[in-house]
Every structure is written in structure tokens, then in C-alpha cells.
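What follows is a set of structures for review.
Note that subunit A is present in both complexes that follow, paired respectively with subunit B and with subunit C.
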Partner chain A sequence: MGTTVTDEKARAEAIKKIEAERPRLEFGGAVWDYAPAPESKDHVRLEKRYGLFIGGKFAPPRSKKYFSTINPATEEVLAEVAEAGAADVDAAVRSAEEAHRKYWSRLAPAERGKYVYRIARLLQEKSRELAVLETLNGGKPIKESRDVDVPLAAAHFFYHAGWADKLEYAFPRHRVSSIGVCGQIIPWNFPLLMAAWKIAPALACGNTVVLKPAETTPLTSLHLAKICEEADLPPGVVNIVPGAGETGAHLVNHPRVRKIAFTGSTEVGKLIQRATAGTGKRLTLELGGKAANIIFEDAAIDQAVEGIISGIYFNQGHVCCAGSRLLVQESIAETVLAKLADRIETLRLGDPLDKNTDVGAINSKMQLEKIREMVASGIEEGAEIHQSSCSIPARGFWFPPTFFTGVAQSHRIAREEIFGPVLAVMTFRTPDEAVEKANNIPYGLSAGVWTDKGSKIFKITAKMKAGVVWANTFNKFDPSSPFGGYKESGFGREGGVHGLRAYVALSGE
Partner chain B sequence: MQRGEVSRESVEVRKTYKLYIGGEFVRTESGRYDPIESPKKKLLANVSRGSRKDLRDAVAKARTAQAGWASKTAYLKGQILYRMAEMLEGRAGSFEDLLRESRGTTAAAAKREVRAAIDRLVHYAGWSDKFGALLGTVNPVASSYFDFSVPEPMGVVGIFAPESPDLLGLVTHLAPAIVSGNAVVVLVSERSPIASLEFAEVLATSDLPAGVVNLISGRKEELAPHLARHMDVNAIADAGEDTALSKSVAEDAAVNVKRVRRYAIRDYYRENAQGLDFIEAFTEIKTTWHPIGV
Partner chain C sequence: MSTALLLDLAHVPRVDQVGVEERAAALGKRSIKKSAKQAGIRLAISMLDLTTLEGKDSEGKVRQLCQKAMRPLPGDPSVPHVAAVCVYPNLVPAARAALAGSGVKVASVATGFPAGLVPLPVKIEDARRAVAMGADEIDMVIDRGAFLSGDYGRVFEEIVAVKDACGSAHLKVILETGELETYDNVRRASHLAMGAGADFIKTSTGKIQPAATPGVVLVMLEAIRDHYRETGRRVGMKPAGGVRTSKQALHLLVLVKETLGDAWLTPDLFRIGASTVTNDLLMQLAKESTGRYQSEDYFTKD
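Up next is the complex of A and B:
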């Protein structure tokens, strides 16, 4: 079964030769260049200093600590943000508990839903401002924050608002009630969208929330808090407590928190699972991934190449469900890899606020170092690196679109989540081999399957040990579509009917 | 009796209770055993005290069997569960005797438990080709995709059966786990393992593929942590009595992000001790996106 490393190397050599000899497609660069098309940031009202949002008010932290949050594309400080300590988290949880007990759990479900609808509408109204803010604070291209993050965040609130008075239909034969205070911890890759994934279903199901945004990207969550204020959401229903891991630990360990929802690394997820074991706290985990994107020889190749690109370079590869392992059928490997090498040259890396930018800044220095370390391991373990020759801005954190050929399954770049724009390419001969290689990993978040044959799609997608499988597409999301992992990619679903389960208590439990 | 005359007495053939692993009746590799006595202190049998190695063998067999079992049609899985009910019905009398003798329960109570266990198997046999339609969804996404979610088995599920009722408790947790296509490794009741081990004979004659259900007797305190830490077990159904053990099991389960369901069922005879929720608990939702176009 499979090919030997030597075969892979020989093939990589051959591809390199073909690449060198073949006339290149000309995109930009020498032929023409794009004029800068930066999105204006004038309408974003940044504050110098942000407090914690507890009990419906922004207030200075009891911890007395603040941290700087920066623009990773320029390394400029955007604002100072309060860091929540143990006393702050405690105050937030108590405020959430009181809001749940005194008001939110007693409000008629349809009325609760109307508040959630208000938030959705305000997000739509402020979408331009929020998109720019998301790009400033996170480094992602404006076209992604504008077209994906913010509209989807609004859609999540709109979708879940409508569930508020229909939960009995989702859980027949059960009496449905809320759980109480939900502690929610979100990552930095989709800051506003993850806040929406967490807050919208929690509120719709009658719970109150203490949310900890990631330390590098707190700004859109804090602006979401302003939207909650503007929507006249009752004080304490949503509380936002920025901070790092320590703040998260206070939240996880707080005895009055009834449910923890965590999106982040598998490593931290395991710690949280351990910490909540036996406490009666409910837990959902959305953790890491190392998705296989499988390209069969009967796929529409150009579409598949676009799918590979969006699979791994969307959001700089800072995507838990990124298609970070390419499994391409041997018979088409040369063609696919030649096209891929061409295509990464056409990706425009640079100012995230520029509307033509495809690849933005890496979210943080720490993440950049991690990516570099993983890439170095790929080279050291004998894989061959292919990188876009794009120029890298002098300031900020950047990493060019990269892929490796000659990758063995045992290589770290084929087994560990890199969370950057780095793709590990492997080949296969038979569908069984593709399935075997795709599933041979502790993760199980997502997978991609590319073929024009319908029956093959159903056979292969059914065999993927992954919670989300994209056939002839990749990285698509929708609030009505359940998202979540198998195996070490976590448990529980977010979105759709199935996502509600994490935020309701059912009779008999 | 005169010289040369042979007695007509027939000596009872006693049953040796073994573990049930990979469709075979095997002794524990550890060579250890525990004497099981009736409430009247009569020795009923020497029962294997399963070891970590037995567990690992069972998990390996379960893993090998799981994909094949899951790929059987829902209709066939339903028929096999129904046949389990048929086999239990055919041996109802001997199970009643076993329960009476091993637990000292009344004839009426023993009969009630066996009836309930049969009914529960019939209940889940009927779920086989229905739960998917109730747990699955077609999702109205705001883009041109056909998007649907279906329940799939989690894989290998470790079950800590309740101490009592040993037979009904075993069936209550085993049937919903396998009907969706999981394979299971069960730590049977520690105090009263005999009826559960006898149940292996029902399994073995029901056309259930070998390895789908594996039954281990022994000390839960010794075995449960190994199952909880096993890297090739996907989930745990914990209906054990020991809350301290449950807590440590739930902690250990984090090693590979196992799904843990704790069950504290007061009355196994109630209608809410069965149903769709028990099946859903050990399924995984898979969402598939497919473009709509020409």
C-alpha cells in the first residue's frame, strides 16, 4: 500500500522540473499591478481604553490590569483593554446568574427572541464598521471579514432568535428549560463570528453568558457588548471579560457556571474536560483539526484547485477545519501540483484592509513563530517546500502561502495542526488508501472530497471520520448547518437543530 | 444396591462462566477468578476476574468488528436485535432461575426483569430503521448547497453496566449503543455477573457479528480506569454506582476527548429508561455539503 518516500521524492523532483520548464501563467507582477484599494477606517470609532463589560456597564477591572491590543499587520497599538482577574470573573458570573434568575429565564420566549433579533439587526447596520475593526485587530483580509465573518455573525443571531419560542418543537416529549450561566471561551481566528456562535444560541435558549474573547482579538467582542447596550439587552445577560488563559481558567473553574463552551486547541480542550469532569458542568468542545482534502482523478481539476486554495489559505490558514492535508490521486498529482504552484503565485499578500488582498497578516508573533517552527520541521524531516515568491511587508507578522510535497504520514506537518497557510501534500492510488490516510489521525473535524461521480461522493463522505464533510466545495458555513468534530476535534455541535442541545436542559436530565 | 449394579444417578454438569470477547468464550488471560456466591452463601460459580489485557483484547476485537457492523443495513441490524429478544425469550426460564438463585429475588421479580429485558430488546430492534430519520436533518443553508446532517456511530463504546438490575441494566445500555452501529466493551455487574455472562449465549446465537458486543467480568475499580484511558475507545456509558470512580473516569476520559455519559437511573423499568435519547447519546452528527448546480 502507498508509495515510498523515495517515490514521493522522485515525483517531487519531476514536478519541479516541469514547473521550471513550463511557461508560467502571467498574473500581475511583471504584467500589471493592482492599484491600492484600501477600505476606509474613518468610520471606526476606537476607544483608547476598554473596560470590562459586566452587568450591562463598561467598568475598570478590579484586577487593575490592562493589556495592549495591536494590529498584527502593522504592530501598532490599537487600544488598551482591561484584563479580567478572578474577582472580575466572579462579578461577571454573579451578574449573569442574577440576570438569569431575576429576568432572562422569566421572560416570555418570544420576547427573548426579539432581543436576539435586535442584536442581529444592529450587527447588520454596523457591519462595515465591524468588518474594518475585525481586520484591524485580527489581520484577516477585509474581503473575508466583510463577506464572511460579519454577515455570518448577524445570520447566527437572526437564525437563533427564531428558535427562542420553538424549542419544544426541537425536543419533542421533553420539557425544555434553560441551563443558567454559560462560560464561553473563544479563539482569535474568527473573533466576532465565534462570539456569535456562542452567544446567539445561549441567549435564544434562555441562558445568560460570560464570554472571554481571545487575548489578541478582544475588540469586536467589546463592540458587540456596545451593541447589546444599544439593544437594551437587560444588564448581566451578556458579560464580556477579556484576558488570557488565566482568565479562562477562572471562568472554567467558577462553581456558579453551569455550562462551558470552548473553541480552541485540543491541548487546552483536554485540560478543560479534565477540570469539569465530575462537577456536573455541561461541556462542549470545538477543538483542533487536520482535515484531509481528497482530490480524485475524476474531479473537475480547476475547481478542485480553487477548493484547495480556499481550504488552506482562507484566513491565512487560521481555521480549525482548514484543509491542511491534501490527498491527491497519483494519476493527476503532477497537474494539480503545477496548477497549485501557479495559483499561490497569484494570491495577493499584504495590507488586510486592501480589498484586493487574499492573504492577510498572521494573527500574532507567537503564532508566526509556531508556523515557522512547524515549517522548519517539515524541511528537516525531508519534505520539499514550495512557497509563493510574494514580497513580505517590512512590519507586521506575515507568512507566504506554502505547500510541502514529498510528505510522509509520519511527518509532523502531516500530523500536527499548524494553523497557518501551510499545506502538506500526499498522494494515494486507490479510494481505500485515501480513506485510510484521511482517517489515520486523532482529529476529526472536517474533510473535503472532490470527484464528479455522485455515487463516489456518498461512499467516500460516509467513510470520513469527520463532523463536517464538504463535497466539491470547502470551508462553507451556515447557522442552520451543524458544525463540530469527531474524536479529538471535540464534541457537541454548533448551529442547526443539533446545536441547540448544548444550551437546553431537558426534563429527565 | 448390589455388587455389580451401576447407579442411575446423573451428576449435574456445571457451567463454567467465561468472558465473551470477539465472539468467543475465553478465560481471563490473567488466570484470576472470583467465587460468586448466592445470598445464602452457596458457591454458584468461579467467575473470571478480567484484566487490563482482556480489556485491550476486547477493544481490539470491537474496533475490528465495528465498521462491518455499522455497514449492515438498518433492516438487518433491527432483525438481529429482534433475534436477541427471541433467543432471550427461548431461555427466559433459565434466566429467571439464575436471577433468583444469584440474587435471591422472588420468582415474580425475576420474571419481571427478564420480561422487561426482552421488551427492551424488541423496543430497540424497532428503532433501527427509524432513529436516523428523527435525528437527521436537511439544513436550509443560505447558499446553493444541499446540506444534510445524519447520525453516525461513535465507534467503540465502553459501558459500565449498573450493579443492579444486572440483566435489565446490561440490556438497557447495550441495545441502544449497538443499534446505531457502535461496538461495545461492557464491564458487567461486579456483584452479580452471572446472568450477564449467560447473556453472552444469547448474543452468540443471534447472528450478531463477533466482536460487536464484548462482556468482561471483574473489578470495576481496577478495570474502569484502563477503559477510560484507552486511546481507541471513543465513548463511555457510565452507569456504575461509585461516584468517586465516575469522577476519575471522566477525568481520564479527557486523554483522547472521549464522550462520557453518566447514567444514574433510579428505576430501570420506567418507560423513560429507554428511547431515542439513549441512542442519540452515542451517535455523532455528520454534516455533508454538496453544491447544487449543473
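Up next is the complex of A and C:
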């Protein structure tokens, strides 16, 4: 199946030759450039030290340990954050259990909904502060945290607030009850949004939570804890325990946790599945991905190129559902790649707080090293690298928008998740070949299909082994739409009616 | 129409409405502040085609407009003159005389503007005479009826004929996008006009709404980009109609900068057809330098 490595290489050579002779567009010159437009951070009140949020208040950790959290764009320390040890996690789980037993599970569902609604309103009120904080701590462009992360986080609370007293309509002919304490572990790519995806449905369904944010991005979760305080949420309903893998392990292994929800790497997901097997704990996993973005020759090409860009360079490619494999039909490959090469030159990389920045900082040194290692493997395996000529700031962690051509299905860059702004481009000849290549991967989180032909959309999307398939768009999210994976991308859904299922016990269960 | 042209039109890329509007709107969110705003406003002024196209236009009115064109902000010679003054053919001589030696071009609408529903010989003669009377640039309209009925060959041939009649004068081809309605039509008409020899493609007459919407402008810029890649020829772009504020004008510049790049950021390749936007640009410029908005009475209405 597919083309051989040498075919792909010859093709890449031919494309390169034609490109060299074509008229070029020049971007980023001095004729008229945008002045720096940094978002003010004056209104963000950062504390020097953050404790753990357990039982409705912030307190120093029993572990006595703190770690520094930095701004990846400058490497400056933003704050010290408490690290939760075994005793801390135990205290958090017990406080959540007590809150569930004594109060939260007994509260009238409509009243529960009011609390969730109040959190949503407070998120909206503090949206500017939260957006700046998310950008400072995670390195993502302010335009994304402002226009995507924070509004969507609020939308998830609003959406689930509405479900709180209507659960029996979501599950007709069942008696619906809560589960108990949910242990939730979230990644660093969308810190506040992932916290919202986890906490909002759990609370709406009558559960209490212990949430562990990622070690590089704990700040917005801790500020969400403050919002819970301000919303007068009963103590113990939401507990936030920052830390690294060890903290997560304590939470997963705690016997009183009734459900684990994890979003992160497939590697850790497998460990968690092993650890919870036979314990009776419910489990949902939202893991890695290597999505195929398929561009057919009858697509609206300029808009498809925009879809490629938002598919892979949105949030520096730190997106589990990123369109990291581009499958483009051979007949239009030259055109698409020429446009893509031009388009990455217009991406503005730099200060994430600048409102005109399109590509921010890589989240951590560790992630940057992983991206570099994968890119080196792509070059070593013989694929051809194309990179934006943008300048890279001296301090902080950065990687320019990159794509590889002449990639074969067998290359590591076509098989493994890179989780960075690096795209692997492959070509196909027929729709069947596109479907085969797209599904020939251990992952199955998302996919994209680009064609102007409606019937083709229905035909191809139905064949995609992926939890989310976008047609003529990419990376669109809505709280009412379930999200989750096939195969090694995990199981269980978040969002929509399907997402509620993970947080309720139905009669007979 | 030749088979080659038919085949060619079949390969004009489709446009996805949702996608193109999303991209155009995203570029409207660029934050243009301080020095970038000042420079952008000056650039936009230098790209204006200051226009008056009314039945009641007179030589006196045109002379006044020409004064504004040459010196948009009296007392501040650092503000550049506009690119051109755009009038009906009968007023070309008046504009020509008023603008002599200023560097401001005279543009004339022609070819049975605004509907274009007159016989081809009349269109040709209309354009030829406007040039003879002193127009540097001709803004022609396409026959939308012919285009929408699928008679692309006729549209193509009319443009070729008018281009020929223009001689050395620059030809801007008005698509009247508000009547073409779909982005696919706009894209196809752009392709057709450039292929027939247009020096500029222009959105609208100003008589029909909607006119120069960000989505339409982006589609046309993308067509220009493809034409350049295929042929190496740089075709200019002129949004016209509905551009009233500095914010809109700066949005247009952003669209050009990020779609076609720096080479197009010049009055030779980008124009804005408008009249009312001038004073808003001047007002914003004054605000940027003084920190205060001034009363509209400080800006001349011509």
C-alpha cells in the first residue's frame, strides 16, 4: 500500500525544483509592521506562594515541599506552589468524600446547578485575569487564551449547570445517582479548560472532586479554586492538589476514589489502566493522538490551508487532537505545499502576551527537547524539513512552525505523537488510500476531511476511526459535543450527553 | 469562448464561505496601535481613490475634491496626497486641470457605469473618450447579467476589448460582488478579469450593498495571489464601497499584508475607493498625535 519512500523523495525533489522557479511572496518586511501590543498584566494578582486547596481552604502541604512554576516564554519564576504528598492527597480525598456524603449528594439538583452556574459567571467576570495568567504560566498566545481557553471553560460550566436537575432526561428509564469522589488528572496544554471539562460535569452530576493540575501549569487551577471559594461552594466539593507524577499516582491508587478521569499521554494512561484494573474504580482516559487531516483535490484550497495551519500550529501544536499528519491528494500537493510554505512565513512567533502573536512559547524545556529529538529523527530518516524563517527570542523555550515533506508512513514523525508545531506531510492518490493511511495508526482521537463535495464528506467521515471528525474545519469545540478517542487515544467521552455518562451511576449499577 | 478558458475556469479553486469569513474576521483582530496605527493611516490615505459619482456632480464640486486630494490635511504637508480622484467621464477635464503636476492620478468610471448594460462599441467608446479627455485610469464594470447567465466568454472578451481601448491607461475591473452574491462567483470573476488583462480588480461600484466586505476582499486577494504564482504578474486590488472608518481601512491593509505580502503595500497595487473614510483617517491621525479627538468641524467636508 501507499507510495514507497523513494517515490516520496523524488516527488519532494520535483516540488522543490518547481518552487524555486516560481514567483515568491515576501512577508514580514519593514513597509508596514505592527507595533508591539502587549496585553497588560497589571490586573493579575500573583501570590508568591500557593498552598493546597483542601476542604475549602488554602493550606501549606504536609509534604512541606514546594516547587517553582515559571513563565516558559522568559524562564522567570512566577510563584512557588505546594506539592501534594501522600498525606495531602489522602486529606483531599477524605474531605471530598465527606463533602459528598454529608452535603453535595443530598443537595437538591437545582441547587447544585446554581453553584455550577455561579462558577461559570465568575469565570466570565475574571476572564481577562485568567487569560493573562494562562498565557504567563503556559506560554500560549493571549489571543488563544482570551478567545478560546477561557470562554470555552466558562461555556462548559454554563452547559453543565443546565444539566444538574435534568439528568433523568439524559438517561430515560433510569434512576440517576452520583458516584462519589472523582480523582481527576489534567495536562498542561489547556490547563483551565481541562479543569473545566473535568470539574463541571462531575459537580453537575453530584460528585466531588480532587483535581491534580500538571506540574508546569498549576496557576489557573489554583485561581479556579479561589473562584470556588468566592462562589461559596461547600468545603471539600472541589480540592486542588498540584504535583507531578507521584502525586497523580497517590490519587489514582487511593482506595476511596470512585472514579479516575485522566487526560494526558498514552504511556501514563496505560499505567493508570493497569493500576485501576480490578479495583472497581471507573475510568475514562483521553490520551494522545496523531490525527490525519485529509485534503482532497476538490477542496476549497485556501481555506483548507487555513485548516492545516489551525490544525497543527494552534497552541504550538500542544493539542492531543492536532492535525499532525497531513494527507494531501497528489494532484494538488504542489499547490498546497507552496501555499503552506508561504503561510507559515506570516505566522508571528514571539511574546505570548502580545495580542498579535500567533505562535507562543513551548510549554517546558522537557517538551522542547522532545520536539527537537523527534525533528532530528525526521531529518535522519530522510524526510525534508521546511521551517518558518521567523526569529526566535533569546530566552524561553521556542520552536518555529515546521513541516516535513517526503514523509513515509513508516517514519517516526508519521507514527509518534510529537506534541509540537511539527507537521508530517504525506500524499495519496485515491479516497480509499487516504482512508487506509489515516486509520493505519494506533491512535484515533480526531481527523479532518476537506472537500467541497457534500456526499464525499459523509462517505469519508463515516470511515474514519476517530472520536471527532471535522469536515472543512478543524479544532472546533463545544460543550455540547462529545470528545474522546478510539484505540490508544483512550475511551470515554467528555462533553455532551455522552460525557455525563462517566459521572453518574444508573439504577442497577 | 475558447476551450482553454472553459477548462481553466473549471479549475478555479472553490471557496468555503465559513472558512474565508473566519479567516477575514481573524485578521480584523490584529491590534494596530501607536506607531503602527499612524503609519497605517498615512499609508491608507496615500492609497485612497477619492470618489464622487453622483448625477449632480459639477466642475466646482470636483475642483473642491481635488484640493482635498492634493492636501488632505491643510496645514500639515506631512500627510501624503491621495492616489487618485475618481469621477464620471465628463468631469475628467476639470479633475485633470485641478490636479496638474500634483502626482494625484485621474480615474474615470466608464463602460456604461454602473450597470454596464450598453452595447460593447458604446463601452469601448466610453473608455476611449475618457482616456482621451485625460484619465490615467479607467474603472470599468463587467456585465453581471452575462456572467450570471454563464456567458463567461462575453465578459472576458469585453474586458479584453476595453483594455485595448485604454491604451496606456490602467484598467480596473469592477466585479460588483454584491450582485455576484457567492464567493465562488467572486473568485471566478476575479480569475476571468485578471486573465483578460485587468491591471486592478475592484469589488464594487458603490451603488450596490454589500460591497467591500472583508470576506470578498480576502477572496479577491487570494485570487491575485494565485495569479501571481502562475504568471508572475502583480495585479492590483481595489476595495470600494462601504469603507467608512479607519478601523475598516486598517483591516484592509492587514488583509493585504498577510495575504500578498509587502510588495502590495503601495498605491501602485492597492487602492481604497471611498470618500467618507478620509476624514475619519485624518481624525484618527490627529488623535494619535495629540491624544484627543477633535470636533468634526476641524476637518473639511468637500
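We adopt the following convention: the second predicted complex is superposed on the first by the 506 of 509 C-alpha atoms of A that agree within 3 Å, B and C clash if a C-alpha of one lies under 4 Å from a C-alpha of the other, contacts with A are read in each partner's own complex, and residues count from 1 in each chain.
Here, a contact is a pair of C-beta atoms (placed from the backbone, for glycine too) under 8 Å apart; a residue touches a chain by one contact, two chains touch by 3 or more.
All of these numbers come straight from a predicted model, not from anything done at the bench.
Once the two complexes are laid over each other on the shared chain, residue contacts for A:G490 go to subunit B alone; subunit C is not touched. When both complexes are overlaid on chain A, the residue A:Y34 reaches subunit C alone and has no touch with subunit B. After overlaying the two complexes on the shared chain, residue contacts for A:P482 are found with subunit B alone; subunit C is out of touch.
By the touch criterion stated above, A:T473 is placed in contact with subunit B and with subunit C alike. By the touch criterion defined above, A:L287 lies against subunit B but remains apart from subunit C after alignment on the C-alpha atoms of chain A. In the superposition on chain A, A:T461 contacts subunit B only, with no contact to subunit C. In the superposition on chain A, the chain among subunit B and subunit C reaching more residues of subunit A is B. By the touch criterion defined above, A:K270 lies against subunit B but remains apart from subunit C after alignment on the C-alpha atoms of chain A. After overlaying the two complexes on the shared chain, residue contacts for A:G323 are found with neither subunit B nor subunit C. Residues common to the contacts of subunit A with subunit B and with subunit C across the two structures: 472-473. Contact residues on subunit C toward subunit A in their complex (touch as defined above): 13-16, 18-20, 22-23, 29-37, 39-40, 43, 222, 225, 228-229, 232, 253, 257-258, 260-263, 265-266. Only residues 155, 173, 266, 269-271, 273-274, 277-278, 285, 287, 442, 457, 461, 464, 466-473, 476, 478, 480-484, 486-491, 493, 496-498, 506, 508 of subunit A touch subunit B when the two sit together in their complex.
Subunit B meets subunit A in the complex at residues 137, 139-143, 145, 147, 149, 154, 234, 243, 246-248, 250-251, 253-257, 259-260, 272, 275, 277, 284-291.
Listed in rising order, the residues of subunit A touching subunit C in the complex are 22-23, 25-35, 37, 143, 147, 298-304, 306-307, 338, 346, 355-356, 452, 472-473.
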